[in-house]
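Next come two complexes, and both contain subunit A; in the first it sits with subunit B, in the second with subunit C.
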Partner chain A sequence: MQVLLSASGIFKNFGRAEVLRGLQIEVKRGETIGLMGPNGAGKTTLFNVISGFILPDRGKVHFLGRDITSDPPYKRARSGIYRTFQRVRIAEQMTIMDNLLLAFQDRAYERPMSALCRIRDWLALEHTWRRRAFELLKEMNLESEKGRLARDLSYGQQKLLSLALGIASDAKLMLLDEPLAGLSSSMVDRAINLIKIMVRKRSSIIIIEHNTSFLEQMCDYVLFMAQGQILYQGNLQELREHPGVLRSYLGGQMELA
Partner chain B sequence: MEAYFYHLVVLGGVYIVLTQSLDLISGHTGLMSIAHSALFGIGAYGVAIFYGQMHYPFIVAWLIGMVLAGMAGLMVGLPSLRLRGDYFVIATFALQVLCFNFMNNVSNVTGGALGITGIPTPWFMSTTARAALVCSSLALLFSFIKWVLTRSPFGRVLNCIREDEDLVMALGRNPVGFKIAAFMISAVMAAAAGGIYAAYVSFVDPTTFTIMDSIAILCAVIIGGSGSTAGPVFGALILIGLPEILRFVGLPYSVASNVRQIIYGMLLVLILMFRPGGVVGGFSFDIREHTRL
Partner chain C sequence: MLSQAVVNGLIAASTYLLVALGFSLIYTTSRFFHFAHGAVITLGAYLAYSINSQAGVPLLGAAVISVFFCGLLGVLMNHVVYNRLLRKGAGSLVLMLASFGIYLIFENVTTIIWGASTLGFSPGLPSSICKWHACITRIHILTLAIAAVSWVFLAILFARSRHGLLMRAVAESRELATAYGIKTHEIVDASFFIGSAFAGLAGILMAADVGMTPTMGLHALMMGVVVAIVGGIGSLRGLLLASLLVGLVRHLSIFVVGSQWQDSIVFALLLVVLLKSPWGFASDAAAQEV
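Then we have the complex of A and B:
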């Protein structure tokens, strides 16, 4: 399988805190990977380094064989990396439909001149973008809410929307930061539904999540991070017996659920 | 009476173009500008100098004013829009002060504090009725342009920049380029309004383009309702209507201008407390996020 993303020797310090310490990761096309680890292990920082919101102190990030270590976030997004944020980020004072259209719309029509001089063209295309957005809304059970402002949605619905933006942007690599945290069980089902769409579209996915039964169901394998390094890579069964893993979760006193 | 009505239509039209231009940047892109009366002034001085004094055709002078304003917008936007947040407001403040001082002090170009008088009235504004027709059509045209821009894919990106720049980047767009483009378009529109204004009143002087005017325009947009098409129109009407009402109340001129500032201030506070979206607004400045009220 083709290697989609590889990051090697990633170091990142915040002041004196060493958050990432020589981290190594490789993601192949179509893989779904769970990323676990105690709080402060550096999971979100790793996402920030891959998506470009934080530059590493040392190390290289390659995506599709190209060195993207110093690319700004929007360039990485263009080459196919989408990430969600732990705190949901959507355009609150835009309608749900407009949020999705932003992800669907063609960048070639975003220049102000083409907005004015090629009205016919983008209006025609907007029709298809709307149709595709509507399909996605149906998957989320939100089709009747499409005209509402995103800030009027419940927290769970907002989280769904942020997942949907990833599907709409057609990214090759999805970085999902705790997509299920804080969701009710019916919302969890819908979120899983959306993640399954990503899997069907052959996107590679890395999911930060603590819910092990969910990871067992979705992921090809899990990575366990502690103290800025990948401590373990493999399936969940063996992870539960891994001595280092137990130690890093409260010194081995806590049983993994 | 008829002439007076036409006069109000002319001013209304000019100010609608101006408030729409400001709303594009402040209401839709979320960037406060307090330089819009200066940009308005660049357009006005462009017409005063190139049409009034150097006798270029009006349309050429008008376009020169717009290009100059666009360049001023680029000059200010290029360094400050790379940064986020309040730097842009400070940069526009600098532009405002710079422009005012240029107009007020570089006498051999701008006529200094006396300004430039005797700008001939172009043929299409030779009567107040004609001027009213021209200005209301321009107001319609520029409102339409802004309406199309903000509903286009371009406008959708601008709206998202107002909401969350990180999200814009996560979706693969570079916010900097969009912000600069939006500010330049806004500057050009403001200058277009200024050029027409100068041709109508036939003189320009620096006191028309002060920071207080910039703030009044911003207040008008927020009170009317930012991020919409109707809001700035309503704001422009307040901007034109309030002085006229105060005139009829019979306050002496020296008092009236101060009372006007007080009323703008009170209206702004009331609107932000009870109707943060403005009278007919789309996007709301939610002050509850910043203060406890």
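Then we have the complex of A and C:
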């Protein structure tokens, strides 16, 4: 399988705290990977480094064979990296439909002139987008509320929307930061459905999540991170018996159910 | 007398609206008080004047060229000053101060080049149409029409175009827009271009009506800013309402107080509106428009 993303020798310090220490990761096309680890292991920092919101002190990030280490976030998003945040970030002042339309990626019509010059193509494309957006709204059970402002949605609905935005973006790599945290059980099912759509679309996915049964069901394998490094890579069964993993959870509140 | 005051109010409202549209367009995407907007208004008028009377280009052509240059000037200010300050981590207060500095420099340079006395386009006073005790010139009609067209243009841009959608996203949060893969710097540049072109247009129209002075931009900017705040920055409908209110109140107030009080009345109005609702006319529903 083709390597989609590789990061090697990633170091990142915040002041004196060493958050990432020579981290190494490789993601192949179509893989779904669970990312686990105690709080402060550097999971979200890793997402920030991959999506460009933080530049590493040392190390290289390659995406689709290209060095993107110093690319700004918008360039990475354009090349096909989508991420969600622990605290949902969507355009709250805009409608649900506008949020989805924003996520679709066709850069040919960004400038008003180019849209005007090929107005027919543009309108046809927008029509397709609206249809696809409607399909996604149905997945979220929000098809009758596309005109609502995103900030009026419940927390769970906003989280679903942030997943749907990833699907709309057709990103090749999805970075999902605790997509199920804080969701009610019915919402969890909907979120899982959305993530399954990503899997069917052959997107590569990295999911930060503590819910192990979910990871077991969804992921090809899991990575276990502690103290800024990947300690373990493999399936969950073996992870439970891994001595280093057990040690890093000693005294921690998370249990490996 | 009353009908003339109403007409004057409407004309004033049109120029305020143009200034306010440009100002709030720039404000929503870049989030700081672009004081130098006032300099662009003035320069629009003087550039058109020079291109017309010194280079001999017909007035309409001169106006088009000048408006285009005003747009470029806005983008240039953004690149040469604001972007550099932002990269160095400057906050919105520093940007406002820098912008104020740009304004003062431009005002002084304008005075040095063109002098402090009032200049006007030739031919001087255009013919006017009078009815119901009120007179309106062709420039007045043109001003009204251009303001209306500009408003509709922006309304369509925001509601219907991909570019408008991207602008709204940048207006909401630059960081979020980056995460969506939007080239925020291009969007900000575009808003500087369109906003500054509007400012130049307003300057030319005002100068065609009453002539130009190096300080004309400051007063126009103040009125435009009042409109932008009363209307609720970002709400097109609010801006339209506020421009009419400010224009009419300013010109109808002469029936109550002397003309030297006109601006005080406008700012009193601003305070009253803000005390009642700090967001201006923009209701929650309207705030989403930009």
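In this text, the second predicted complex is superposed on the first by the 238 of 257 C-alpha atoms of A that agree within 3 Å, B and C clash if a C-alpha of one lies under 4 Å from a C-alpha of the other, contacts with A are read in each partner's own complex, and residues count from 1 in each chain.
The criterion applied here is as follows: a contact is a pair of C-beta atoms (placed from the backbone, for glycine too) under 8 Å apart; a residue touches a chain by one contact, two chains touch by 3 or more.
Fair warning: this is a prediction, and the values are worked out from it, not measured in the lab.
Peer 1: State whether subunit B and subunit C clash or fit side by side on subunit A once the two structures are superposed.
Peer 2: With subunit A as the common anchor, subunit B and subunit C collide in the superposed model.
Peer 1: May I ask you to decide whether A:Val188 touches subunit B, subunit C, both, or neither, giving the answer as first, second, both or neither?
Peer 2: neither
Peer 1: Scan A:Tyr74 for contacts with subunit B and subunit C and give back first, second, both or neither.
Peer 2: both
Peer 1: Can A:Ala103 be said to touch subunit B (first), subunit C (second), both, or neither?
Peer 2: Both partners, subunit B and subunit C.
Peer 1: A:Ile119 in the overlay: touching subunit B, subunit C, both, or neither? Say first, second, both or neither.
Peer 2: Only subunit B; A:Ile119 stays clear of subunit C.
Peer 1: Determine, under the contact definition given at the top, whether A:Arg83 touches first (subunit B), second (subunit C), both, or neither.
Peer 2: Both partners.
Peer 1: Once chain A of both complexes is superposed, is A:Val199 in touch with subunit B (first), subunit C (second), both, or neither?
Peer 2: neither
Peer 1: Which positions of subunit A sit in both the subunit B and the subunit C interface?
Peer 2: Overlap of subunit B and subunit C footprints on subunit A: residues 51, 53, 72-75, 77-78, 83, 89-94, 98, 101-103, 105, 109-112, 115, 122, 126, 169.
Peer 1: For a test of understanding, state which residues of subunit A touch subunit C in their complex under the given definition.
Peer 2: 51, 53, 72-75, 77-78, 83, 89-95, 98, 101-103, 105, 109-112, 115, 122, 126, 149, 169
Peer 1: For the complex, which residues does subunit A have touching subunit B?
Peer 2: 51, 53, 72-75, 77-78, 82-83, 85, 89-94, 98, 101-103, 105-107, 109-112, 114-116, 119, 122, 126, 165, 169
Peer 1: Under the definition above, what is the set of subunit B residues touching subunit A in their complex?
Peer 2: Subunit B residues touching subunit A: 145, 148-149, 152-157, 159-160, 162-164, 166-175, 178, 181-182, 185, 227, 283-284.
Peer 1: For subunit C, which residues count as touching subunit A in their complex?
Peer 2: Subunit C reaches subunit A through residues 157, 161-163, 165-166, 168-169, 172-173, 176-184, 186, 287-288.
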